[in-house]
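Working notes for the structure below.
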Amino acid sequence: MTLIKITLVQLDNYGPWTEELGEDREADIQVLQSELYADLQRMFSAKGGLLFFTRFDNMLAVSNGINLKEHEVILRSIARRYPVTVSMGVGLGETAYEAQRTATRVLQSKGSAQSSERRAVLAYSDNGAKEGYVQIAHIDVDDFTSNVTDREDAYKAMYIISNLSTLLMKLSMNKGALTFFNGGDNFISVCNGLTEYDFKEIIDRLETSVGLKLKAGVGFGRNANEAMSKANKALSKIRRGLVREPVLFLGGPHE
Amino acid sequence: MTLIKITLVQLDNYGPWTEELGEDREADIQVLQSELYADLQRMFSAKGGLLFFTRFDNMLAVSNGINLKEHEVILRSIARRYPVTVSMGVGLGETAYEAQRTATRVLQSKGSAQSSERRAVLAYSDNGAKEGYVQIAHIDVDDFTSNVTDREDAYKAMYIISNLSTLLMKLSMNKGALTFFNGGDNFISVCNGLTEYDFKEIIDRLETSVGLKLKAGVGFGRNANEAMSKANKALSKIRRGLVREPVLFLGGPHE
Amino acid sequence: MTLIKITLVQLDNYGPWTEELGEDREADIQVLQSELYADLQRMFSAKGGLLFFTRFDNMLAVSNGINLKEHEVILRSIARRYPVTVSMGVGLGETAYEAQRTATRVLQSKGSAQSSERRAVLAYSDNGAKEGYVQIAHIDVDDFTSNVTDREDAYKAMYIISNLSTLLMKLSMNKGALTFFNGGDNFISVCNGLTEYDFKEIIDRLETSVGLKLKAGVGFGRNANEAMSKANKALSKIRRGLVREPVLFLGGPHE
Amino acid sequence: MTLIKITLVQLDNYGPWTEELGEDREADIQVLQSELYADLQRMFSAKGGLLFFTRFDNMLAVSNGINLKEHEVILRSIARRYPVTVSMGVGLGETAYEAQRTATRVLQSKGSAQSSERRAVLAYSDNGAKEGYVQIAHIDVDDFTSNVTDREDAYKAMYIISNLSTLLMKLSMNKGALTFFNGGDNFISVCNGLTEYDFKEIIDRLETSVGLKLKAGVGFGRNANEAMSKANKALSKIRRGLVREPVLFLGGPHE
C-alpha cells in the first residue's frame, strides 16, 4: 500500500472570535488570514510538504514525510504567535480524497470547528498504515493572458477562473483527486492513482464545456515538494513545445 | 453622479518570471503571493480602502478616498520590497462592475500583463468625474459550520463554497456588482446601486438552486472601510435575530 | 512653540507571557517581535510617522501628524492580530528627549509594563500644546564597508557599531536628541533644536574617541517622513562629494 | 573535536542598492530588514538553528545540523522573494568566535559586501572537521522592569541596555563567546567552552561597573534549538528561586 497523507488545518472557533473584533475588522481579518497561511506554508514546506489555502479557516496540506511531532511543533508555533489557535487532523488514504476525508473525520471527532473548548488539538488515527508516494499535477490554461487577461475585464477573468476551478474540483473529486486554484490561471491537483487517460478525459470535458484548453504536467515523489517539482518540470516541457500532448507524466509511483 | 472607484492591481510579467525560479518554486510562490496581498491590503486599508485577492496576480481594490499620489506611494513601496513590481489601473463607475472595467481598460492600454517592458505603471483616465459613495454587502451562509463544516469532509465543504461563489459572482455581475469570497463561508459584495429587492432575488435563486440560505447586511460610506463597517453592523443584527428578513440595509447613499 | 511628538509603544505584560510559551520558544519570539515591529512600522509610516525598534518590547515613534484616533486604530489592529497587546503613551516636547519622557510618564501612570491588568491602553496628557516640526539627521560612517565589513570579522564589526551606537546615544541624549541604530552603519537622530555646531561637536568627539569618521545629513518637515526624506537628500549630497563638510542641513524649522 | 558551526548571512551590495530607492525610503527599508530577518529566522529554526539580527545587513546564525544543501535552499528562497539577495559564509570553530571568524573569512574571499558581482554565494571551507555540540546561555537582568522600565524614561532604559550590551559583547569576545541582545533585557550568548567561573566573572564585573545584576542559564545540545531550550530551563529555575547562584549549567557537552 502506497498511501498519501493529508493534513486538515482548521482554525479553532474562528467565526465567533472574528465577530468580537469590532465592525471595522475586515482588513485586519484579511491580513491575519493571509499571514497565517503564508506562515503555515513556510513551516509545512520546510519539511517537504505543501499547503493549500482552501477556505482560509480550513486549509489542506500534503504532509507525507512530516511526522506527528513535527505537526505539533507547527501547531504550537502558531499558538504562540497568533491570537487564534489551529487544530489539525491527519489522515492517510489510497487517494488524496480519502486521505482528507479521514483527516476531517478524526478532527471532527474532537469537537466542532466552533467549539469554544477545542484548542490546538492534533488528531489522527494510527492504524499502522505506511506512507507511500505523492502524485501531483500542475495544470494551467493555454494562452490565458493573451486570450483573457489582456482582453476581458479583470472581474470577468476572475469569474472564468472561478467557474473553471469549480468544474475542475468536481471532476477531480469524482476520481479521488483534490484540485486547488493556486493563483493566475494555475491549478495544482493532488492526484494519486490518476492515469494519463483520466487527465485527458478531464481536459476534453472542460474544453467542450467551457472552451478553455488545459495542459497538465504530472510528477511523483516521496513528498509534495518532490512531486510538485517534477510536475513543474513536466509542464515546462509542454509549455516549451517539447511534447505534443497536453498531458505529460514524468516517472511514476515506483520510481 | 455618485461614483465608486476601483483599482486593479496587476503583477508585471509575473507568469514568465515565476518560470525562471526553478522547479521547486511552488511554496515560495505561494508565500510571496500571500505576503504581497497582505502587504497591499495593509496599505490600501490604512487609507480607508479594501483589497480583494481575486486571482493573486490580479487584485481588485475599492479605492474611494485614495488619490493618485497615494496609489503611487503604495506602488513604489512594493517595488522596493519585492522582486516583482505591480502596475495599477484606476477607474470610476456608477457600478462597481463598470469601475473595474474602466480600471482594466486603462491598464490594458499600457501593455500586456506579460509585457517585459511595462513596470510599475499607474494608469487612469481623468475625465473630471467625482467620487461618491461605496455600498458594500457582507454575506454569509446560515449555519454553515453545523450543517457543512462539522459534517462534510473539508474538500466537499470547499467545493460547496466554490460552487456558491461562482454562482454569486455571476448573479452579481448581471446586476453590476462584484462579489468576492473572503474566507470561511463569507462573501463581500461591492454593490453600488443594488436594492433590497436585488439581494432578495439573489438569495432566493441561490436557495432554490443550491439549497443554501444566505443573509446579507448592507452598508454605505464615503469609503470602503465605512461601508464595510456598516455592513458588518447590519449582518450582526441579522445574526442576533434582531430582524427577521435575511437582508438588512443600514443607511443609504445620501446619508 | 514648535513641538515634536513621540509615541512610546510598549508590549503589555510581555516578559511573563513569554515565559509561559515553553522552553523551545526563542525562535518564535524573535519572529513575533520582528513581525510586530514591521507591522507597526507600516502603520505609523502610512501616516507619515517613523518607528524605531528600540528594545522590541518598547518601541519609540516620531508621530507628528498622527492623531489619537489614528493611534487607537493602530493599537486595535495589533490587538486583533497578535497574541499580545500593546499600550501607547504619547508626549510632546521641545526636544525629542523631552517628548519621549512625557510619553513614558503618561504610560507609566497607567500601570507597570508587567501589569496583568493594563491592556491596550492609549495614554496622553492633553495640555493644549500644538505640534510643530520634526528635525531628523541621517548619520553614517565613512567607508565602513571597505574599512571594517570587508576586513574585520562580522562580530567585531558588530561590536564596533554597538560601541559607536552607545556613545552616540549618550552624546545625543545630552543635547536632547534621540539617536537610533537602523541597520548597517546607519543611525537616525531625532534632533529638534540641534545646530550644525552640535553635530560637528558630536562627530569630532567620536572621531577622537573611536577613530571613526561620521557624516550627517539633516532635514526638517511637518512629519517624520518629510524630515527623513530631506535628511536622506542631504546625506546623499555629502556622499557624492557635493559638499566638503561632514554635516549638511537642508532647510530649517520655519520652512 | 567538538566544533560549533556559525553561518554569516550577508546582504549583497545592500548599501548602494538602498540609495537608489528614493529619498522617502526609510520606512520601507526598515520593514524589509525586519521581514527578511523574520523569514530567515523561520527557515534556520525549522532546521534547529537560531539566527541573530546583528546589524541586519549582516546576520549570524548558529547552524549546527544544517547542511550545505539546506543552506542553499534558504539562500534561494530569499532570492526568489526579495529584491535583494543574500550570500552566506559557513565556518566551524572550537569557539563561536572562531567559527564566525572563519565564516567571515570564507565569505570575504568571494568578494566585497558591496560588490555588484557577488550574488547569492554560498562559501565554506571544507577541511573535513566534524560538527559537535552547541553551548548557549540565556542571560537577563534582575528586576529590570521594576527598577528601570517602570521608573526611567524609555530612551534612558534603552541606553542602559545598549551600554550593557556593548560591555557584554566585549567581555564575551575576550572569552571566545558571541553575545547578542534579543529584546527587552535579554541576551543570548553562544558560548562553547565557557565555564561557570567565566560567567560569574562576567557577571561580577558588570555588577561592579554598571550596577546591574545579571543571571544566566546555560544549556548544551546538538543544535541551537536544543541548547537554547535547556538554557531557558536553567534560567527559569533561577528566576523561580530554585537555585541561589546567578549561574546555572544544565548538562554538559558530553551529554
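We just call them A, B, C and D in the order they show up, numbering each chain from 1.
We adopt the following convention: a contact is a pair of C-beta atoms (placed from the backbone, for glycine too) under 8 Å apart; a residue touches a chain by one contact, two chains touch by 3 or more.
Only a predicted model underlies this, so the values are computations on that prediction, with no experimental measurement involved.
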item	value
Other chains in touch with both subunit A and subunit B	C, D
C-D compared against B-D, more contacting pairs	C-D
Angular offset of subunit A relative to subunit D [C-alpha, multiple of 5 degrees]	180
Centroid comparison with subunit C (C-alpha atoms), farthest chain	A
Averaged-CA centre spacing for the pair subunit D and subunit A, given as whole angstrom	36
Euclidean distance of C-alpha centroids - subunit B vs subunit D, Å	43
Where subunit C and subunit D are represented by their mean Cα positions, the distance between them in whole Å	23
Contacts with 2+ other chains: residues of subunit A	24-25, 28-29, 31, 35, 42
Complex contact set, residues of subunit C against subunit B	39, 42-43, 46-47
Parts of subunit A lying in touch with subunit C, wherever the complex brings them together	21-22, 24-25, 28-29, 31-32, 35, 76-77, 79-83
Residues of subunit C touching subunit D in the complex	8, 10, 14-15, 19, 23-31, 33-35, 37-38, 41-42, 44-45, 50-51, 53-58, 60, 97, 100-101, 103-105, 108, 112-114, 138, 145-146, 149-159, 161-163, 165-166, 169-170, 173, 178, 182-185, 188, 225, 228-230, 232-233, 236, 239
